[in-house]
Amino acid sequence: MPNPHAMAEITWPEFQAYVDKGAVAFIPTGALEQHGPHLPLGVDHMLPTAIALDIAAEVGGMVAPAIPYGYKSMTRSAGGPFFPGSTGLDGATLSSVLQDIIREFVRHGIRQICVLDGNYENLWFLNEGIDLAMRELGDTGLRVMCMQHWEFLNEDTLGKLFPDGYPGIELEHAAVIETSMMMHYYPDLVRTDLIPDNPAVDAPPYDVWPPHRDWVPESGALISAAGASVEKGRIIADQYRRDITAAVRREFPARARAAE
Amino acid sequence: MPNPHAMAEITWPEFQAYVDKGAVAFIPTGALEQHGPHLPLGVDHMLPTAIALDIAAEVGGMVAPAIPYGYKSMTRSAGGPFFPGSTGLDGATLSSVLQDIIREFVRHGIRQICVLDGNYENLWFLNEGIDLAMRELGDTGLRVMCMQHWEFLNEDTLGKLFPDGYPGIELEHAAVIETSMMMHYYPDLVRTDLIPDNPAVDAPPYDVWPPHRDWVPESGALISAAGASVEKGRIIADQYRRDITAAVRREFPARARAAE
Amino acid sequence: MPNPHAMAEITWPEFQAYVDKGAVAFIPTGALEQHGPHLPLGVDHMLPTAIALDIAAEVGGMVAPAIPYGYKSMTRSAGGPFFPGSTGLDGATLSSVLQDIIREFVRHGIRQICVLDGNYENLWFLNEGIDLAMRELGDTGLRVMCMQHWEFLNEDTLGKLFPDGYPGIELEHAAVIETSMMMHYYPDLVRTDLIPDNPAVDAPPYDVWPPHRDWVPESGALISAAGASVEKGRIIADQYRRDITAAVRREFPARARAAE
Amino acid sequence: MPNPHAMAEITWPEFQAYVDKGAVAFIPTGALEQHGPHLPLGVDHMLPTAIALDIAAEVGGMVAPAIPYGYKSMTRSAGGPFFPGSTGLDGATLSSVLQDIIREFVRHGIRQICVLDGNYENLWFLNEGIDLAMRELGDTGLRVMCMQHWEFLNEDTLGKLFPDGYPGIELEHAAVIETSMMMHYYPDLVRTDLIPDNPAVDAPPYDVWPPHRDWVPESGALISAAGASVEKGRIIADQYRRDITAAVRREFPARARAAE
Amino acid sequence: MPNPHAMAEITWPEFQAYVDKGAVAFIPTGALEQHGPHLPLGVDHMLPTAIALDIAAEVGGMVAPAIPYGYKSMTRSAGGPFFPGSTGLDGATLSSVLQDIIREFVRHGIRQICVLDGNYENLWFLNEGIDLAMRELGDTGLRVMCMQHWEFLNEDTLGKLFPDGYPGIELEHAAVIETSMMMHYYPDLVRTDLIPDNPAVDAPPYDVWPPHRDWVPESGALISAAGASVEKGRIIADQYRRDITAAVRREFPARARAAE
Amino acid sequence: MPNPHAMAEITWPEFQAYVDKGAVAFIPTGALEQHGPHLPLGVDHMLPTAIALDIAAEVGGMVAPAIPYGYKSMTRSAGGPFFPGSTGLDGATLSSVLQDIIREFVRHGIRQICVLDGNYENLWFLNEGIDLAMRELGDTGLRVMCMQHWEFLNEDTLGKLFPDGYPGIELEHAAVIETSMMMHYYPDLVRTDLIPDNPAVDAPPYDVWPPHRDWVPESGALISAAGASVEKGRIIADQYRRDITAAVRREFPARARAAE
């Protein structure tokens, strides 16, 4: 059966019905990028797709096909370009893809868009794509939210995920958070026997080109993922479903309600 | 279980193993576009993904995540921009996405790329993306094929699909070919009770802007899809698996063999 | 004497008089590209210029200077980039030239533009240039037609041109149609003693980069041009004058009439 | 008969023969722009085409099809955008067209290119197109000249053209120089009865947007053209043939000689 | 007297002497952006200029003119576009400026470049400009560092700056850090009587377009700047001089030493 | 003390006060470019900054931070790219920077902008940036002036500067005019002992790529600067203050007056 919230799986009359209700359109964005020996290359677009489908089910929204390629992997936050499979778009390309999609969605009558990102390096090129679309489109009533899901993790959740203390988001690449979420959402795609347990990266406070391969562990994970569990993934998913839904309802109050 | 030929589902060491074997990388391209009341908006990227996975299994290749958005819907070939959900990228955006992906794949050591397109309007912007990548990359040994799958349909297959005569590819939007293939590859996503049976479009030999809505039937299918069947879908898939595989082996002889 | 329909040959007050009448502006587009040993490199912009002047005389329109360079020669449709003189613009460049010209014509008060193309590879980049101009200009009342002249050839004409059966437009590069038209419009520029009689190209249903030189005959003609004649050129020109004129009047009904 | 130096009129084997000789390729550039009530809109691309054919005949070169559209008309130098028919490309478009043509000519083996411009406003965007091509192409041995023909007018010629004193090039739009040259090269296209005799423009030393229409005479000529004559046109053409030829031979010494 | 490390103040032979020594070129980047009622609009380019001149004096380098305009002000990190004077470049523009400067510096023989940024929102567009330059330039031996100065603040310094606890960099806009540094480097430009003491911003974990004005205090400072002092500015400057110098020497070991 | 007319030195409430008065915003543009052995690389942005501050003081305007990098140095007008430190932006980059700044200033309520340029090669890319901004912004009431300061030099001033006759602006690079102005505005930055006295360049009437180094004197000055003096600098500054102020008042009559 089609997922009724997955835009690629519905027909044009069904799409139009969502528009008529003033539904929110979610655009998941991510990357094709290394995520250690234990997670697949698609983590960064798979996770926001799954989260967005959860939220869309809550608010009666549609989830557009994820933009599966993202901005270039930086060494300190995702291991760098060295890793096989890490496939980076130019910043202007990524911005243009998002700008084009927003322009078209607005042409179809959508006025509430939530960009849900799963690749740290994407953020500013998404911001720019949104800003260029807003400027180009002028006064349409369009509102756009843009978020990176981990920004929603609160103290309580982090306490449960990291009983020994939170090492900080900057090391959470292919580590406890992403691994747990993949175990929750896509258990078949996690090679649990290969979860790495390397020490944390200790990179200096700047970037350099050409990048230094030796700033990153062999595995590609920036810190140990050994503490990951499906239970932790569920905790995260639950918090997201509650708090991102609330944020979406807060920013798109009237229309989002109508679509539920 | 991960599909071992789906690039998004494999890990970076698995990706590297493909590169080491000299494997072919397939890039499916498509669109988010109306396909009548009976087919989902994602047909044009779902079909080339499925076909590419079939061929990749034959030749030991990898299938990259599909580029799920494509060039703008033209009225005579896909119903035009009027239809809800038909979401077109600018031509330069589509070219840049493909150029960026090719550049990165070559950086990773891939030298054999097959772009497999499912959206008629994409072709020239894919050609351009490939050409710009070839020019930029210089002398790397890279070879790229680009195809639209229906170009492979032969007389024999068309005879079976259209016992009353082939009306021509230009009307085959959301019609017998695509509907049959969706019934074969994604049976759950076809609303068989809604398959339209409208008469064929009779459009003049030119385009016009703003486009004429009345050149297209209400349904969005350019001709009747009533003759579609899962059996016809299987016939097409079988011919593709045989003939596209043969073409890929012909153009990438030595290395493709090594990867099998 | 100036041709009163050639925009480059008239003065600004004469241009303004056309605008005041609501005249159609024709923009011929083509290429600088090999056309066998018997036809000059300018065929693809010379023919649409001649055709457009014919139609403009019928409907009281103006013909802008042709864009004499076009998109890159593809091997299967025009022999490929190997041939000396085949000079391809990037797709975005061609789109921009057309977009800029349309923007300026609209600024001058023109609201009816007919793009008449003579180079197969140009079409989608012309479509894009027109679409970008329409989007940029907003609600001006502008209407644009875009056509490739051979799309107008009807059964009757093809029967006269190819008494032994029409091999299809895809092989008609520097062949019977173009050679006959050049004999009709520019007889001095045809080297009739060099008209090639090679067998037809038999290329596979895909493209490949770098392109294969051996897919194309030595001559550059994709099939024999031996059946060409000035009489056949006249037949084509007559059909175009009648049918393209009719199409232009149909799409630009009121204003085109006023300009006659 | 084809002009053997006009690239659009020769065949690909003839083009190749020029390349084999190391011939110079001339690229005329101009505009579609008002030139008073007496000269056609195409003056700025017609004149450099004619001059280039003269020089090409001297040095055994080829003349590419003129780029018939140019940069935007500035009020102080060409009357401004107000005038019907003055059709300006964006600067980046013009640069790209030239860059693309140069890239392709170099691919064909040409190493000596002379850009001969007839539209004052074009110069810097031509410079940029050339510079971008040089940078992109790297070390090919390519040499490019770029000139605006009036820069070659010497004291002696100016004395003959302006017995009462030369008012300066900045006012010579649709005035004595261009009118005389058109009378020489394209006598049929000059409306001699409409040659304007307005006083000279007296514009301030800056530009302003939106431009002031009242900085320019009604006619569009920036100063009287009454002194124009076919004899003066011949004097200019003779000086150009002698001095531009000499400059071309000086910059392209060995190969240009081989092609004669 | 010219500052011998300020590139704009030295002559071309002096510039060449630096190149001959293998000196590091620093490129300060910043913005023209509101910084509360007490700091001037130029803070973000003034501070990195001052810091870079300090470091350049240590390592014998040159400081290029700052790029004085930067990326768009985001509400959560700099108050947003509402504030008078906050003047944002498009992301692609900022990237291009940096890419062009790097290309030119490499052409002049520079192989060690340190981009020192003072505007939080700039970072990813600087990264992209550097990456595009590296890719374009190929194998030149060029090395580039990119840093935002506050990333160097260590525990010890932060303890001195914030005896009551560090509120985090995300609120440090026009607050204690920047105000103290301006008091140290440009005391005449601080309106000490206008230093704001508003409570901290409490913004949600996402951005929204159009942005919410009420997420930001009236003043434009995201948190109180009342704790600022010239002494704290000196502490920061001292740490930077020591630690950034060390980082520069670590990344550019041989050549930087030669230039001292 | 802050210069109350320097935009980078004022606060956002002070900026807003200028906007409320309808003040003129000046944008100085220049280059980082060789200016002989005696003048610093920043001459071309330092001089228009100083001039603009003079005019702004007269008319109550603000001076934005100079764009300190400009278009590429041409051999005949500035010595060419050979000289160490001459750092050229691509034309499109320069246009975009200016377009972005204008767009933002208009968003802030500014409607009167004066671009004051000090680098000969910049002009057309500034024109284009302004034109693109005007087109994009539509009907806002914005007016923009663009000038190169030396265009204001009148007969009287030139007579005082060049008692032996004015050699023409095209040779005035790092020569009497610029050297005198630097002696007036930035006396500490002139190496008076190194003022060159080389003979004038005698370049042909065209450009060539790759450029000829031997068209330019060793020093980089295109003609002797020996006649420069601080007194001549004062004469120029006085004429500019009078005549540019008058021009600004003429073009921005009502609002400029309000701001004084």
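Worth a mention:
Labels A, B, C, D, E and F are assigned to the chains in the order they are written; within every chain, residues are numbered from 1.
The definition used in the following text is that a contact is a pair of C-beta atoms (placed from the backbone, for glycine too) under 8 Å apart; a residue touches a chain by one contact, two chains touch by 3 or more.
Computed from a prediction, not measured in an experiment: that's the story for all the values here.
Shared contact partners of chain B and chain E, listed by label: A. A straight line joining the Cα centres of chain E and chain F is 26 Å long. Work out the mean CA point of chain A and of chain F, and you get 47 Å between them. Chain B and chain F have Cα centroids separated by 55 Å. Shown for chain C are the residues that touch two or more other chains, namely 90, 92. Taken chain by chain, the contacts form a single closed ring in which each chain touches exactly two others. Traced around the ring of touching chains, beginning at chain A and stepping first to chain E, the chains run A, E, F, D, C, B. The touching residues of chain E, counted against chain A in their complex, run 71-72, 74, 90-92, 95, 121, 123-125, 127-128, 130-132, 134, 142-147, 151-152, 204-210, 247, 251.
Against chain B, the residues of chain A that register as touching in their complex are 1-2, 7-13, 15-16, 19, 32, 34-42, 45-46, 64-69, 81, 83-90, 92-93, 96-97, 100-101, 104-105, 107-109, 188-189, 191, 194, 220.
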